[in-house]
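Each structure below appears as structure tokens.
Below, chain A partners chain B and then partners chain C, in two separate complexes.
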Partner chain A sequence: MADFKVLTARQGQIDDAGNNDFVMACERHSLAGSISQRACVFCGSRVVLYPIADALHLIHGPIGCAAYTWDIRGSLSSGENLHRMSFCTDLQEKDVVFGGADKLYKSLVELIDYYKPKAAFVYSTCIVGLIGDDIEAVARRVEKEKSISVIPVYSEGFKGTKKDGYSAACAALGRLVGTGETKNIPEMSINILGDFNLAGETWIIRDYYKEMGINVAATITGDGKVDEIRACHGASLNVVQCSGSMSSLARMMQDKYGIPYIRVSYFGIEDMAQALYDVANHFNSREALEKAKGIVKRESDLIMPYLRACRRDLTGKKAAIYVGGAFKAFSLVRALKFLGMCTILAGCQTGNSQDYEQLKAICDPGTVIIDDANALELAKFVKEKDADLLIGGVKERPIAYKLGVAFCDHNHERKEPLAGFLGMKNFAREVYGSVMSPVWNFVPRRAGVIKRGQL
Partner chain B sequence: MLLRHTTKEIKEREALTINPAKTCQPVGAMYAALGFHSCMPHSHGSQGCCAYHRSMLTRHYKEPVMATTSSFTEGSAVFGGQANLLSAVENIFTLYKPDIIAIHTTCLSETIGDDVTQISAKATDEGKVPAGKHIVHANTPSYIGSHVTGFANMVKGFVNYFAAKTAKGNGKINVIPGWVEPSDMREVKRICKEMKVETIIFPDTSEVMDRPQTGTFEMYGPGGTTIDEMRSSGDSKATLSMGHFASLPAAEALDAKCKVKIVDLDVPIGLSATDRFIQALSETAGVEVSQSIERERGRLVDIITDNEQYFYNKRVAVYGDPDNLIPFCEFLVDLGMRPVYVVTGTPGKYFDERMGKVLKDIPEAKFKQGAQADMFLMHQWIKNEKVDLLIGNTWGKYIARDENIPLIRFGFPIIDRVGHSYFPSLGYMGAIRILEKIMDALLDAKDRDCKEENMELVQ
Partner chain C sequence: MSHSFTATRNSCKLCMPLGAVMVVKGIASAMPFLHGSQGCSTYIRRYMISHFRDPVDIASSNFSESSAVFGGGSNLLTGLRNIIAQYNPRLIGIATTCLAETIGDDVSGILRTFEKELGPDGPVIVHVATPSYSGSHEEGFRRAVRAVVEKVAAKSAGVPQEKRVNVFPAIFSPDDLRYLKDIFFDFGLQAAFLPDYSDTLDGKAWSEYELIPKGGIGVDEIRSFPAAKASITFGAVTARMGLLTGAAYLKDSFNVAAHFIASPIGLRASDEMFDLLKSLSGIETPTRYSDERGRLVDAYVDGHKYVYGKKAVIYGEEDLVVGLVSFLSEIGMVPVVAASGGKSGLLKEEIARVNLCAHEPKVADGADFASITDHARKLKPDIIIGSSKGYSLAKELKVPLVRVGFPVHDRIGAARILSCGYKGALSLYDSVVNALLDSKQNSSSIGYGYL
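Moving on, here comes the complex of A and B:
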């Protein structure tokens, strides 16, 4: 650890927020041989489409791809629960030699007969890309025989990064959009794109919009329903959260149906409020705007006393952020600031150079800005900058704990909603609980660092 | 109902696997490699494979799991992964400084036909492997076998690379513990020490996957079988191989290479399997069974007899990996319980042969391995006739909840509870822990679900 130096080839992906003459060399493949925290194309497609719980999700590939994405995160459904099952063609050596199309056909027929789903997604994996099974032909055949939409997802793992998987998922969704009846969808309707209903977050957001008098035509894909997605081109605005995952669907719908989109974030009071105002302003609706202001006031008043109390103890504490998408990083920097904390490292897996410029702009000079960080780099900066908290995902958690630093999962493993106003309170409580935990006093490096908090 | 889509009616499935009771080879290879000192597991394939395996192992062991990837692109898929692997080797030795890189393949690199042996040789020729450092490899295509096969292949890979026979024996006994917890490997070492037998145990993930909090992050733990130990394993008196699926291939490779006699054992789970292990240890090492171990056995038997009334005829469904299932079911039968449903996704006829014998006195028992031997089938069996207890990994929790059956977590992965990596389930003491879990599960369920008037203080 002591003699760890950042590899030369990685130096173009690590920046300082105070540095003006640096362009992040991002959106490139991880260096071969690095302990990348990133995943693959398939993973990107799978996380995006998986919450559609009344569709079948059949993985055409070896068993691992299915096993690791079985109920991959807590996307909640108000209806069917098919997404909690894991379906796989479980390709064997003989299939690799002779082709797996027949197995795929049989599996699809078996599943459709059994479950009568609204639609079926078939995910292509690395091996299918190599052996060249014609999944399109199988899909057409089954579609004809069973009269349901069977949609191939071209998510061969090696074809790019997780971000390319988002695009593949959006392309698949694009085949559903426009196939439903829109006549019952009112004028002031939006689609919520890019929220996955972890711990019920989509419902919180949807209810705010509903309260503003805005109809939500479809939520994509959190608590997503096939029929709603088919008809979602009847909405007049796409509200897109999560910079990476749904942008290409929003662009496609703009091109094809002339539906504009706005980018929002639901994390933190400021961003959440802005997400409501932006929608009201889009519809030029004074009434909606007034209602939005009312919601913001009411909800903020509910949580402010608690946030203020947290701030008393958290002021001056230091956080490191390493998350999937850049938009989440922006929101987190702002939300942490609201709690009195400063960010000493901010990075993500899938940001582009504009994202990193924006990230630099909202961070203080001296903040490390990093693309596609590996474990050693994270550990180095967390220790060097003496962070009190790391925000990340599953693979970062034990690194933080080994370093004796607090941790907050802002990824798949969140157990409470972190979006919306209520989510901000949950976030504050989670950060406070971990940062102020007396257990850090047992860490040799940090003995005595935690004074008992007020909460 | 989380699995409300699972029906009671069982239809023969031709092609499909639903809710698998297995995963793919590379994750096993990765775990095995972590049991060697200062070793970096390397995944030769797409980034996703490595990320998934690391996530799964991290969730199970609650430890940082370090592994690298060749980060395949579309170009590598077309032109081969040699360039990626060569630069990976160079980067890993420069950046992370392991003693060994343990490369495992994936379905992708296998199918495009990358020859890892040749690429490793090229890396050495080109000076990318520093003096005293090593590359080990195993072929682990995801479309053959299961995670257990991958584990076995990687352990065999280490034997093939390092084990050597010299003129002089080392007087030691090799132990290949199979895919068990760090706590179990630690327990096997303790038992051997109690018996005063000098051993070489490989792999050994204790002090790697159960490291203490130190306030620092270290790439490699102090534990893991060393290169010297692996070399010396060829001079040992015998190899105690625990588990037909995870361990025997390495034991056979060692026998073929260095003529080290194999003692083919089960993983010592429960009374009978531990008896066989202790017996074998005593015989091969030529030592008496120590009094301390005898007394541990005595305590186990005492607990069994004290509580036999709670075990009698209880119906149990068990799922997971074959090397665990065979001795576990044998233990359940020893206790008077009835393992009625057993599934493993890991294919192999040996499982059928052994299960047939273990369950010969339970005529209603159903067991299945390989294709379509999945959690979905087991759930359907349960729906047709309920069980009192479910034993297996975390994936069973849906069934447990839907059917209101107590679940004991055992096997891989356990991603929602702790303890497995700290408290052993092997040996007599481990069996006592299993008993405690069985009793807790059955009696907690009874105390929770029984009618008020049937509630009893004393059990």
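Moving on, here comes the complex of A and C:
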């Protein structure tokens, strides 16, 4: 039997004893040798800015950082598709010795001339942080020569955690915001922040708001467009999903432009409905609220028969959730409850102590709450708590499968929209199709527990 | 109008640490460990998991800002201790990333002290320098093989054994490795493959969670490498790397005969391997394989008219590309572009040696996918052959893509793509011919039922 040991230095980040006084020791650098599911600062910046499809994204560094993030997210664009290419200065030994600034300059000029992007982001990687290339100076020079914004992203991998990468991306976006013309933006306008248009999710959400009579000035960064971001300070409300990645931009816009923000989630019927009501209420618009109620009624009616049918078989099944941000975990706990399932493990990569308290509060007693889990900890609890389902990303998938446990991909590679009402139906279908699959009948750990789904 | 680009656009290579990880994954009870930022290990995990669809745990020393300033030594040691506490591995393979290599940590010194602390019962610690600015994943793979051999092969490995051979594969699929192991076994040879990730990266359904997936070459087997009769190293370009190979070390230090042959892709390259096995074992090719060879030739004949003159764009690691040119040209196809992200400078020469086609392909080393696309648009290929990263090119040109090599991120069964030996050639051949027939069928409005 596998001997799962939890490292002593990790115990403050795992709440599994049901102790009421437990305070999560989170927002830390990952422990060396603990096989964290997190990546680095660069990863945080790259995933946030990636969907801006009419910008050039140039990675200044060695090839790995660029190769592993080529076409990495399922973020769709209604216009250009430049974001799906991977550009890299591909630093060589001589660049590391003599500096890579010249190579960066040449790369930028040639790429801008050929691809004619609306702006360029230059990502600084570990090695650039060490050799000290002045990317700011190169950016200013190219900006002047080519008359487009060239924005450094200070995302050196070792300078913090993925969350610091979110802030670096927001700082980069902050340099674009406020540089565009806002006179055509109507009063009742919002920006959608923190949705990445995976499989077209931003469009689903935007259409609901439009139907309510709310104008969407900019979607940041899903289906993001440089000109819209420039002018997004013309909106009167920022609606922020994925609290971790975009809150620093929302706070900056509040301080600088007096634009308030609300936090929402588009996963699950309740959270999705609340996201519409909150916006209507913000604008004090009875008309928008009535329309929102109409949307919720109409869309729920469409999916409820299917959800009820799923619930028949899923009731009592146990789920483990390990995702990037805490807000998604909250929504998933609620969405699973809606399907009759309970959560036996909930954790994320970037939560803060309030997030974990809230997570604990909405879960059943005895649920393991975990920050920055490593692969073995996930395997240990999924096994010990006998989960029927693991929700995570590609890195978590084999943990589930090797244990004979169903899996739902809720990460940025997914190709099915899981947001909005339609998304809730897709989510139910994914969960149901994996949990009720007949293949578990043949997996050694599960063999003998014959089960059959009704759908 | 032609443009030249300083930047790499859609890379056709990966970084050195990935290659090193693959080697460590092929050793029993071993843990790959990247000395660098957390992202290096996590990105490589995700990349490999998407291909193999099996767990890939890779440890990291997870540099912080202070490690970059004051050195990563203490993070390295903390990381190693934590890995030993949780996984209790028999071997830890440490690859130093560009970050660690550049700040100039004295990793060897730190490890020497640590090994003393561990004592003789501790895990074997292997260190390989893999700064990604000095090569591709293919070089990281070679360097790691060499580093493991140098570190582990024992000075007193016992008396030489007539039937033992050390095998150093190129980056083959797990199914290739399984098949090659069968072949060596059927020749009565005791072959030890480094690396052998045929089980660790393509495992069975488990009844218990395995901290480190079972399989791989044992540390003791590597230790006794010097007692082998011979070493066989696959890969036409690797063969030219001489001193950088594990086999060269065994030759120089222990006088183990070193044979270098091309990757056995296609009929001729497989013949070359079987000839070597005959001479090493002293026995004739077992009927199973001579039958396979016969069926392969029969299939070559059956399908030759479907493929003759068809133009192919191929790309991948340099050893793979040489193998594919050899195979495609012997069935009458025309490789028009042969590209690799690697740049040993040897690709063109090695391709010229195996190419049976009168036409010389555009050999692009140090290539990226954007430049491969530019060449392909001009040369109008009928088929694309390589990793799944050529999909967008195939889609744009409306030609089929036959997936072979690493990575394959958009299909299931990447670990089971067989391309080595007669059976591998047959499987590759069927895929190529059928992809061309499929394309012909789909592009015609008639809907032929017989082809």
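We adopt the following convention: the second predicted complex is superposed on the first by the 448 of 455 C-alpha atoms of A that agree within 3 Å, B and C clash if a C-alpha of one lies under 4 Å from a C-alpha of the other, contacts with A are read in each partner's own complex, and residues count from 1 in each chain.
Basically, a contact is a pair of C-beta atoms (placed from the backbone, for glycine too) under 8 Å apart; a residue touches a chain by one contact, two chains touch by 3 or more.
Small disclaimer: the values here were computed from a predicted structure and weren't measured.
Steric overlap between chain B and chain C is present once the structures are superposed on chain A. When the two complexes are overlaid on their common chain A, residue A:A25 makes contact with neither chain B nor chain C.
Using the contact criterion defined above for the overlaid structures, shared-chain residue A:P444 touches chain B and also reaches chain C. After overlaying the two complexes on the shared chain, residue contacts for A:N81 are found with chain B alone; chain C is out of touch. In the superposition on chain A, no contact is made by A:M304 with either chain B or chain C.
By the touch criterion stated above, A:S107 is placed in contact with chain B and with chain C alike. Judged by the document's definition of touching, chain A residues 1, 7, 9, 29-43, 62-70, 84-93, 95-96, 103, 106-107, 110-111, 114, 126-127, 129-131, 157-161, 375-376, 379, 383, 394-395, 397-399, 401-404, 442-445 lie at the interface with chain B and also at the interface with chain C. If you check the complex, the residues on chain A that touch chain C are 1-5, 7, 9, 29-43, 58, 62-71, 84-93, 95-96, 103, 106-107, 110-111, 114, 126-127, 129-131, 157-161, 375-376, 379, 383, 393-395, 397-399, 401-404, 442-445.
Here chain B touches chain A in the complex through residues 1-5, 7, 11, 13-20, 22-27, 42, 45-56, 58-59, 62-74, 76-77, 84-85, 87-92, 94-96, 106-108, 111-112, 141-144, 146, 211, 213-219, 345, 371, 376, 395, 398, going by the rule given at the top.
Those residues of chain C that touch chain A in the shared complex are 3-11, 13-15, 17-18, 33, 36-47, 49-50, 53-65, 67-68, 75-76, 78-83, 85-87, 97-99, 102-103, 131-134, 136, 203, 205-211, 341, 370, 389, 392. Across the complex, chain B is touched by residues 1, 7, 9, 29-43, 61-70, 80-82, 84-93, 95-96, 102-104, 106-107, 110-111, 114-115, 125-127, 129-131, 157-162, 375-376, 379, 383, 394-395, 397-399, 401-404, 442-446 of chain A.
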